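What follows is one structure encoded as structure tokens, with my remarks underneath.
First chain written, first letter: the chains are A, B, C and D, and each begins at residue 1.
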Amino acid sequence: MALLGLGRAGKFHIQSIQSIPGINLRCVVDVDESLAKRLAKDLECDYSTSAEGPLGQADVDAVIVASPTHAHYGQIQAALEAGKPVFTEKPLGSSLKEIDTCFGLAKRSGLPLFVGFNRRFDPSFSSLARGVKEGQVGVLQMLRVTSRDSPLPTMDYIRTSHGIFHDCIVHDFDMLRFITGKDPVEIYSVGSSFVEGIGALGDLDNVLVALRYDDGLIASIDVNRFASYGYDQRIEAFGSKGMLQAENRSPVSTVLSSDEGVLRPTIEQSFPTRYREAYREELTAFSDCLREDAPVPVTHEDVRMSFILSELGEQSHREARPLRVSEHPAFDDLQEKVPEA
Amino acid sequence: MALLGLGRAGKFHIQSIQSIPGINLRCVVDVDESLAKRLAKDLECDYSTSAEGPLGQADVDAVIVASPTHAHYGQIQAALEAGKPVFTEKPLGSSLKEIDTCFGLAKRSGLPLFVGFNRRFDPSFSSLARGVKEGQVGVLQMLRVTSRDSPLPTMDYIRTSHGIFHDCIVHDFDMLRFITGKDPVEIYSVGSSFVEGIGALGDLDNVLVALRYDDGLIASIDVNRFASYGYDQRIEAFGSKGMLQAENRSPVSTVLSSDEGVLRPTIEQSFPTRYREAYREELTAFSDCLREDAPVPVTHEDVRMSFILSELGEQSHREARPLRVSEHPAFDDLQEKVPEA
Amino acid sequence: MALLGLGRAGKFHIQSIQSIPGINLRCVVDVDESLAKRLAKDLECDYSTSAEGPLGQADVDAVIVASPTHAHYGQIQAALEAGKPVFTEKPLGSSLKEIDTCFGLAKRSGLPLFVGFNRRFDPSFSSLARGVKEGQVGVLQMLRVTSRDSPLPTMDYIRTSHGIFHDCIVHDFDMLRFITGKDPVEIYSVGSSFVEGIGALGDLDNVLVALRYDDGLIASIDVNRFASYGYDQRIEAFGSKGMLQAENRSPVSTVLSSDEGVLRPTIEQSFPTRYREAYREELTAFSDCLREDAPVPVTHEDVRMSFILSELGEQSHREARPLRVSEHPAFDDLQEKVPEA
Amino acid sequence: MALLGLGRAGKFHIQSIQSIPGINLRCVVDVDESLAKRLAKDLECDYSTSAEGPLGQADVDAVIVASPTHAHYGQIQAALEAGKPVFTEKPLGSSLKEIDTCFGLAKRSGLPLFVGFNRRFDPSFSSLARGVKEGQVGVLQMLRVTSRDSPLPTMDYIRTSHGIFHDCIVHDFDMLRFITGKDPVEIYSVGSSFVEGIGALGDLDNVLVALRYDDGLIASIDVNRFASYGYDQRIEAFGSKGMLQAENRSPVSTVLSSDEGVLRPTIEQSFPTRYREAYREELTAFSDCLREDAPVPVTHEDVRMSFILSELGEQSHREARPLRVSEHPAFDDLQEKVPEA
């Protein structure tokens, strides 16, 4: 495989790739030549400063897009056009149209386009989703997703993040779909900003989303840009027969009892450690798509829907009112596509 | 003291009273004479089939109103008029006007009127509230209250309960005020019904409430009429410096490890055991009001506000839109009263 | 009932009695007349400065012995001779002979003699014992009891305590018998002293006891006079099909997550709160013995055996070798009595 | 590196090696040629059916001995004589003399000889050891190690395992030394057998070891060959200022609340998953010894002492008496060597 982008995301993909027998890196790409050169040497592979390099190499079977967000769309298109299957971090692009274009291209060319919604591959979250599907909680009535980031991203990052809905909550919308297999009919968001700088950008750092499904299921998502105690990622599924929760994880299992109380270690501090297994699993799944022609587990509809809900969530906050999902301009379009999903 | 009403609430008040040195029952009252007679014998006290009995007794220092909801208002008035301090389960009455009438009477007569919002006296919840006040979580940003009832009440109970907002969520609104010491500016509710019969009554059994405060704090309340695994009562306070949670409690602390997993006992199954200490504490606090002239910890404003939010929550669900608290007809009135609180 | 002794033990028995409907205090006894007088006034009962007072009262149905250890034997004898059933804190006396004398007297007079091994009545420990009996862990192979005291008793208390085996570990020996229903064949102890003063008295504050049963079961008891983090009382039963543990309890269920970790409150700090329910349950059980002629749940054999093991444990440490239980001088005697148990 | 032995241990070493950048496999060795051939193909390395193969290869920098126990001693000697640093699973050999011979050879040749006491590298256990060293629990008074195997090994394995002391408890003795940095003065063991077949072999499957240190510290080790609920590996360190525990770990963090209780998933089921990080860490540490001349963290004295305690533990059980460590024939020898450690 070739890896485009050697920043934060690129680096933990390298780690994952190294631990998956059967995936080998042929080429790493970054505009920073010295970085690319150095990593290529460590990894005993080629390097390039432009995506075109590996796209022309016959022994590159697939491309991993881990470059900055704004470059995704162009690189995905180029890779698919060069006949290479693509694994990409979200987002695919900055509009529904770009998403549709990429998937259209993938469909026409018969190549896998794999969007890395990593949480689907987290062992605890996928175990919870399986439990819900198997009926462990009976009829699902209330589904709650909590996502609090850590550490606080830089203002540079925030500035180009497309806002908390498209940068963060899109993952939570996808989790709802992953767990329930269905879409809400109404969405309401309320948000605020506590971090100096974020409010100034017109962005939010503290958001609650309420979603209603037509069968009575209610979902809530609560998100914060910064939890001082670590990367807080939990899900709770309540139903007629019980409740399933996925709790936070800690790197060590020690407990200190003293006259101050019973102290357990801090939870995982950030996504590379919290989702280490998930990143490994999603690349393994991508590898299975390549070798065994397995269907891509994250569909075009999945990607569209989380994008649409992000847009609606943002709009609901802006207009301070609940929105029906059917109000979204792409809704009719969506209805038609559902059978295809 | 005299106890009016020997139903479910009356019975656990008897238990509390027996365990508090310094409170003695002089008289029990119930329309069911044989029940009143039997309990009076066990408790070595008088009995009556009407509230007027003890109200005329000079050695009755105070009255506990634990009768059916519809009788509260009349009995509270009669007791205050007879010069007896009153402890009452919520609700005081069925309208703001009745609430104001009772508190007005209490104020004029200089008698304590104590509304039993029991959760304020729960050791875990009051410890959480104290921690928030002491700044353990820094600036409060997200406050979540989860209340799921168990066992499922009878349809007879539901029918006369005034609906899930006034019967259940009123407690959660009061918890928000107890913890934050302030009121929201906007409220949005979404609800549904899964239990056959409840929907038919036009009532809800599954509700999510989102509340916005003018300083950016967001609160959520999620409520269900029936949790199969027990009486689920939790609070989570998230802030700039950390998170405080109050978790469920179990009557025993055993853990069974087997090839099926690690099994802890079910949590407390219902309010009499879950809030046993809270019921004892609130009666002790009432007793302190009588003996030491301590101020009543639940104020007129507290009771008004939880009632107003219950009305607004209900209306928000009905109209499927967020409501500003200032839209409530009593709002101006409320603003004036705040200084007095 | 009459209560002999108004010290630490006496005071929490008062609390228990007040919360049990159907047990009333008729008389409290203490050599400290002003204390007895004051409490009698609060409790609306009689008082006396000598045990003989209530023993002559016809309306005293039973006697609770909560006086200092050295007075137990004489008061128990006197009470039984006066025809009063007796509830007593351990120890009955300072020798097997005194134990046998008391139980002999009780047997001849047909009066209940109830030794308060409170832990048998703790909801978590009795639930664990029930689980073991019901086969939840299969064949029991390893049983571990941890008992760490808190706060550190005074040196005055330690000096008259008869040593850690008779004062503390006797409870743990009794727990083993309560859970397993059988006796070990071999015992080995190793102990040391860390607390200044305790070693000087020739006593121990840190002890590990290993016990072997003839069916292969092994038990361990580890005890310490002082755990800085609270009153640490745990049991673990391991068997062929699983493991049952009874864990410590905390008075509140809050959890604080911060950058220092995940902090739960300290566990219960001492026996009056940790075993509050147990003290209440054992008095209720005593009351059932009186009213319903229920058999006394702690038998003569139980009391003998925990005493014998305490003697052997002490001797094993002194002689630094394992001892066979059959080496104890009372063993033959014991064998004869077993059928009677 | 070359890997000798492709059985159970060999296979997870392969997994570890693949995830450590900077360690590459040059050759795999197994008497089963087809197995060696197949794995070599997957791993893109050489293979051999005899240890001599890689020992003669100049590009093999070090050797990992993961062959059956009886072959360790010969292969370690051969590798050291061929000038190759050695990483080996315990045991080094079947006697103190063999251990001394190997370390003597390593010392003379200046080559690292690294004995894989994996638990020292487990993040939770090493965190606990660090906490004890930093004084988090004050003066250490009681140290408890629990090790219960899962799944039950085959009888073939047990037969050649050298008994539970040398096969299992040796790890626990090493943990005590790792945590305390000192050695006990007295040891007592009591054991039994519940698994059919193990008793017939004269081996034990249920053991409790009590150890006394000359400063008053007491340690206990309790071991079982089979825990039905998973691989149970815990440590508890109790001291004057608190208690540190290392608890079991689960692969997922879900919790199911139902009317049967609150169910968490089973703990890790066996050593390859429970100690995955530890195996990776120890190979990384070995790699650091090679590259950076870091001292080997497990010393000759460490290996001797755990072997000596295993012999004494076995003897104590056989003779049913506590043994002083100074009774061991190698003790004087040991005393001399201590300064060198």
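Keep in mind that, in the parts below, contacts are C-beta pairs under 8 Å (C-beta built on N, C-alpha and C of every residue); 3 or more make two chains touch, one makes a residue touch a chain.
Note that this is a predicted model, so its numbers are computed, not measured.
Chain centre most remote from that of subunit A: C (centre = mean of CA atoms). Superposition of subunit A on subunit B using C-alpha atoms only gives a rotation of 180 degrees, nearest 5. Distance from the subunit C centre to the subunit D centre is 42 Å, each centre being the mean of its Cα atoms.
Separating the centre of subunit A from that of subunit C, both taken as means of CA atoms, is a distance of 58 Å.
For subunit B, residues touching at least two other chains, in rising order: 227-229, 232, 241-243, 257-259, 265. Residues of subunit C that touch subunit B in their complex: 18-19, 21, 42-43, 123-124, 127-128, 131, 136-137, 241-249, 251-259, 265. Listed in rising order, the residues of subunit C touching subunit A in the complex are 228-230, 232, 250, 257-267.
Those residues of subunit C that touch subunit D in the complex are listed here as 138-139, 141-142, 144, 148, 186, 188, 190-194, 206-208, 210, 212, 216-218, 220, 222, 224, 226-229, 232, 238, 240-243, 320-322.
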